[in-house]
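You will see chain A twice below: alongside chain B first, and alongside chain C after that.
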Partner chain A sequence: MSEPVTILGLSALYHDSAAALVRDGQIVAAAQEERFSRVKHDRRFPVNAINYCLEAGMVEPDELTAVVFYDDPVLTTDRIVRTLAHSGDKGLAQWLKSAPGLLGAKMRVPQLVAAELGANLPVLFTEHHQSHAASAFFPSPFDDAAILTIDGVGEWATTTLGHGSGNQLQIEQDIHFPHSLGLLYSAFTVFTGFKVNSGEYKLMGLAPYGQPIYAGVIRDNLIDIRPDGSFRLNLDYFGYLDGEGMTNERFAALFGGPPRQAESRITQREMDMAASIQQVTEEAVMAMARHLKTRTGAANLCMAGGVALNCVANGKLLASGLFDNIWVQPAAGDAGGALGAALLVAHHRHDAPRAAAAPGRDRQQGSYLGPELSNEEIAAYLDFNDYPAHRVTDDERASRVAAAMAEGKVIGWCVGRMEYGPRALGARSILGDPRSAQMQSAMNLKIKFRESFRPFAPAVLRDKVADWFEMDADSPYMLMVAPVRPELRIEQSFSTAEDLRAIVNRPRSTIPAVTHVDYSARVQTVDGVDKPDYSDLIAAFDALTGCPVIVNTSFNVRGEPIVCTVQDAYRCFMRTDMDVLVLENFVLFKDEQPAFADSQNWRDEFELD
Partner chain B sequence: MSRNLFQYDPVIGYRFVPGLKGRVRHEGGGYLVRCNNAGFRSDHVFRDAPTPGKRRVLVFGDSNTAGDGVSNGKRFSDLIEAQLPDCEVYNFGLPSSGTDQQYLAFRECAGAMHYDLLLLCPMVDNIRRNLQDARLIHSGLSGELALLPKPYFDLAQGALVLRNVPVPKGHLPVDNAQADEPQIGSVRALARQAMSHANARFPGLRGWTQWLRRLALPAEYNSPNTLGWQLMRTILAQWIAEARAPVILAPIPTFEHIDGNIRAAPYRARFAELSRETGAALVDVLDGLRAQNATRPGSLRFPTDEHPTVAGHAAIAELLVPHVARALEGGLSNPMQMSAE
Partner chain C sequence: MSSTEDKLRDFYNAEIAPLQGKVALAPAGPGADEGSYYVTRPEQARMQTDFRAALQTPEDIGAALDALWAGTALAGLGAKLAELSGCIETPEDTGTVSQLIYEMF
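Entry: the complex of A and B
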């Protein structure tokens, strides 16, 4: 019997560090470093994520066939140096910012691996967008698919079009830096007062409050989208080549004034800018998808890269019917590069067959690829600290928690393997009743400690999704947006002069906590295959209330990485107004817990996102 | 991931979380930890009844026995088992424990168990732990220094009296003065306190604190009449007396002993006396380890961590295997000191 091909994939030293382990083409484990280090978007070498992956596989370092890094530092340096040469003196600031990372740790990846694992292993490098493409295609349900990757920038590529078949994929076309749809979206994110790499989601959520009045301005001045889907940016309006910011004064002049300051009041201008860039982004994505369809003739589409997290665009692409099926890698950002790189090496270099998949199901295992807690570990923690808890069976857990939700209680739910990717999918989630008009506001202000204009996402039983949303497809990763069914809506209108908060707090449907101002919802479909505990809970809630939908938001407070360990979960539970905490088969009630000794300034631990 | 490896035990103080599978980051590249349902780091399910066709060895000790720094299969206990096909080795090693806790683990968890040989591997340094009612540890996930309460024995007219049981739950603040502090002497107490603070604030100064620690190394072995030795001797003697099978006593020297930085004669003399007194066979691995260390300098321990490397465990196993084999063949009828070279 031959030795298994075991590949450790790493993404690090740019945005979201992560590690992934693949054995004989099958995903064993994957996790982001931030969950362990408790530093949001941690970009450091992912020592803890590596440790977890080897733990999950019970793999010794010397059993690894290879370690693979998700991009090519030499090519990235080439891009930076050429950009500097092109920009002259004005590019110096950018160079000084980039050089330490490029010439530092990124050039020493093999040494970092050797130091961490105590072994001299083969260390390989892929290209950034190859990693994204592999993360999109190989775990997908498809044997054959077109592949579209779009992000800010990798080495040179910002967008790639490819094709996958069997255990092979090919990148066929690409668009190079500085022309980048991801950077265009990020420029608007920064200009409207949000943070790059975390605020894009907020900008997308803001869009329905605005009118796309600037879409023409954007098309006329900032981006030229061609019939084949390719595009070019007008760099006269951006600062990322030769300045210190994403945009410059010409950009500001185009939109009637300086950028919004972070945390200041959001005005109608920002809402309209959000609506406008969202519309243009959707047009660009649609144009590229159309070209890709023509080029490949594929029935299926796979997507990855940060822009693939734009679930509104994804939903419209799905609704267009251009492709029969769309699958988006749930860890679409750089963290997913770790998985893609590992899969690429397993399949391309070692010819590993793709993992078996049941008909219609993907190979991502629900993205529940992170660590899980055992009841014994939880019991040890609770016992050591004398925290009161009730041990329940799986059935009792579902019925008791469903009853608590129906009473308006907010639940911290920490069950099963942690999610890989930015979204909580029912393993590290805060849950509640979507029928409650107060739920969105209560969860935002008392639990997440944010004033958000974004509604929460609904988790709905797969076999009932069409009864509640205008959609009848799988969306297990919350990466598709669909409208709430018309008969469930509460008709309303709002004027552009209204305060955002007033609009947010107005019920829009019979499930107001998960219905956006435009009646859309970021749907997660749940079935009993990948996540039976979660499915059972929603079914129990449905049996009790007639509503197979629950509110799902990530188990954290603003700026905090999603909880990972039992300590993280208990601490977050006690710091917030959650009522019930579920840790596997233990249920804890807030009113039974002893006073929690904590720092008065604990919120300072987390930088606001 | 950074997992809590231990659960509270009201008598022993703690044991491993039952069924735990984890990996610990470490300067040696990290190591895998697998625990059984009894809460010990072993790949065996511990059974009371004998296993047909196998002779059973129970091994007790601290982190050197539990295998801090190396994966389960690379520990000396597992290597002994691998080299003696008819033998199964149950590892009861408990990191950071004193001989008192190791004895309590035997009483609590092996009382009804069948075994053919007891292999007691106290780390020489454990003698000081027996004098403490709490151990300075790095707390599971936070890594912060904390004091963890532990059981301990007092001597009353030469008899052991168990104290601090049930062991209090939770951590004590590091600054808490320990009740037994006067017993270990003010100079050593100060040295230990300085070392703890230095390690906490300046982890990079571990080398310096090790040097400082040398000043505080056990004086308890210098005479058979010190409180520390009286306590250790009594615990081990009672343990050996309760054993229902032959016993091998194999004290594990510190690397300061192996490197020849401090005198080993006092501890060797005390364990030889104990062997004669109790009838337990003494296997002295020091000379053998020194010889191997001379051949492969620095290979037996990690550069910073003081635990044995894979090579260190292999060396210990190599030294113990002949004696374990002989003991299992009934060769311990005339116990005497056995030098393992």
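Entry: the complex of A and C
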């Protein structure tokens, strides 16, 4: 019997470090370093994630066939040097800041791998966007698909168009740095007072509160979008080439004044800017998709890259019917590059076949690719600390938790393998009743400690999704937005002068906690194949209430990585207003717990995102 | 000022800043009058096969850069960057990413 082809993929040194293990073309494990290190968007070499992947695969480092890094150091260095040379003397500060990382780490990845793994392994490199493309196509359900990747920047590429068939893929066209849809969106993210790499989601959530009154300004001054979706930015308005920030004074002048300060009041200008950049982004994505459809003739589309996390644009693309099916890699950002790089080497270098998939099912395994808690480990932790808990069967867990949710209780739910990607999908989630009008504001302010305007996502049984939302498609990764059905809506209007919090608290449907101000919802469909415990819980809630929809948000507080261990989960549970904690087959009630002596204020521990 | 920072500053002032205006910012692509801003890859660049297997040291990367930069104002800079890399210790990374600018360097 031949030796298995076992590939370790790594993404690191920029943001969202991760590791992934692929054996004979099948995904074994994948995880982000931040979950172990407890540093949000951790960019360090992912030692903890690697250890987890090797353990999950029961493989020693010297048994690996190869290690592959998700970025090409030659092309990246080429871009960095040319960008600095373009800036001349003004680039010195950026050089002093970035050179230690470039020269001391990014040019020495094989040495870092050897030092951390204690083995001399062949280290390979892929292109950044090839990693994204591979992460989009190979785990998808499709044998043939068009591939679209869009992010801030890889080496030179910021957008690529390609095609996948069988176990091969090709990148056919690119758009090059400094012209970047991802950087354009990030520029608006920073200008409206949010952080790059984490605030883009907030900007997207803010968009429905505004009007796209600046869309024309953006098209006329900032970006030239061709009919085929290709685009070029007007660099006169941006500062990122010189490392001076994303935007400059000319940009501010276009929008009537300086950027919003972080954590200050959000005004109508920011809402309108959010709506405007969202509209322009959707126009560009739609035009690129049309071009790709014409070029490839493919029935299916796969997407990855940070911009592919824009679920509003994804939902509109799906609703357009341009492609029969769309699949988006749930770890669409840089973390997913680790998985894509490993899959690309497995298929292209070793000709591994793609993993088998049942008809209509993908190969991502629900993205439940991380570590899981064992009941033995949980029992030991609870016993050692004298924390009261109730051990239950799987059936009892579903019925007891569903009953608690129906009473308005908020649940911390830690069951099964942790998710790979930025979204909690029912393995490390906070859950609640979507029928409550106060739930969105209460969960935002008392549990997540985040901005009140941010919407929550519904998890809905797959076979009932069309009864509640205007979609009838799989969306297991919460990457598609669809409207709540009209008959469930409560018609309303709001004026631009109203306070954001007043608008948020107004019921908009019979499931107000998951209905955004424009009646949209970021839908997660759930079935019993990938996640039966979660499906059983929602079914039990449905049986009690007639509502097959629950609120699902990530199990963390603002700025904290999603919980990973028993300790993380218990600490987060006790620091917040959650009522019930589920740790596999143990159920804990807050009112039964001893007083929690927090050694640290979480606001000091986790920098706000 | 640390000696590392001195070395980096000297290198920048001697080797990179003088290149301003002498090298193109991005690889050549279509112009605004050509109807599309897409850069179409040549056939041989569309599919990844070798995965840069020869790049195992900073010197390998320097040599690959010099091959890429042959005939441009950047020629020879790859070997110099590799040599400078040998003088720079792997930094202690705090693990935080920039709040204000996308991590592109």
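What we mean here is this: the second predicted complex is superposed on the first by the 606 of 609 C-alpha atoms of A that agree within 3 Å, B and C clash if a C-alpha of one lies under 4 Å from a C-alpha of the other, contacts with A are read in each partner's own complex, and residues count from 1 in each chain.
Here is the rule we use: contacts are C-beta pairs under 8 Å (C-beta built on N, C-alpha and C of every residue); 3 or more make two chains touch, one makes a residue touch a chain.
Predicted model only: the values in this text are computed from it and were never measured.
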Chain B versus chain C as contact partner of A:Pro371, first or second or both or neither: first
Touched partner set for A:Arg250, first chain B, second chain C, both or neither: neither
Per-residue touch tally on chain A - higher for chain B or for chain C: C
Touching partner for A:His390 - first (chain B), second (chain C), both, neither: neither
Which of chain B and chain C A:Gly152 touches, first, second, both or neither: second
Touched partner set for A:His86, first chain B, second chain C, both or neither: second
Which of chain B and chain C A:Lys446 touches, first, second, both or neither: neither
Touching partner for A:Ala119 - first (chain B), second (chain C), both, neither: first
For the chain B and chain A complex, residues of the former touching the latter: 1-4, 6-8, 17-25, 27-30, 32, 34, 71, 141, 169-170
Residue numbers on chain C that touch chain A, as the complex places them: 4-5, 8-9, 12-13, 16-17, 19-27, 29, 32, 35-41, 46-49, 51-53, 55-58, 61, 64-65, 68-69, 74, 77, 81-82, 84-85, 88-91, 93, 95-105
Residues of chain A defined as touching chain B within the complex: 31, 36, 47-48, 51-52, 54-55, 58, 60-61, 116-119, 371, 374, 376-377, 379-381, 383-386, 564-567
Contact footprint of chain C on chain A as seen in their complex: 14-15, 37, 39, 41-44, 68, 72-74, 77-78, 80-89, 91-92, 94-105, 107-108, 110-112, 122-127, 130, 152-153, 156, 161-162, 168-179, 182-183, 186, 190, 195-197, 224, 226, 228, 230-232, 240-241, 243, 245-246, 344-345, 348-349, 607
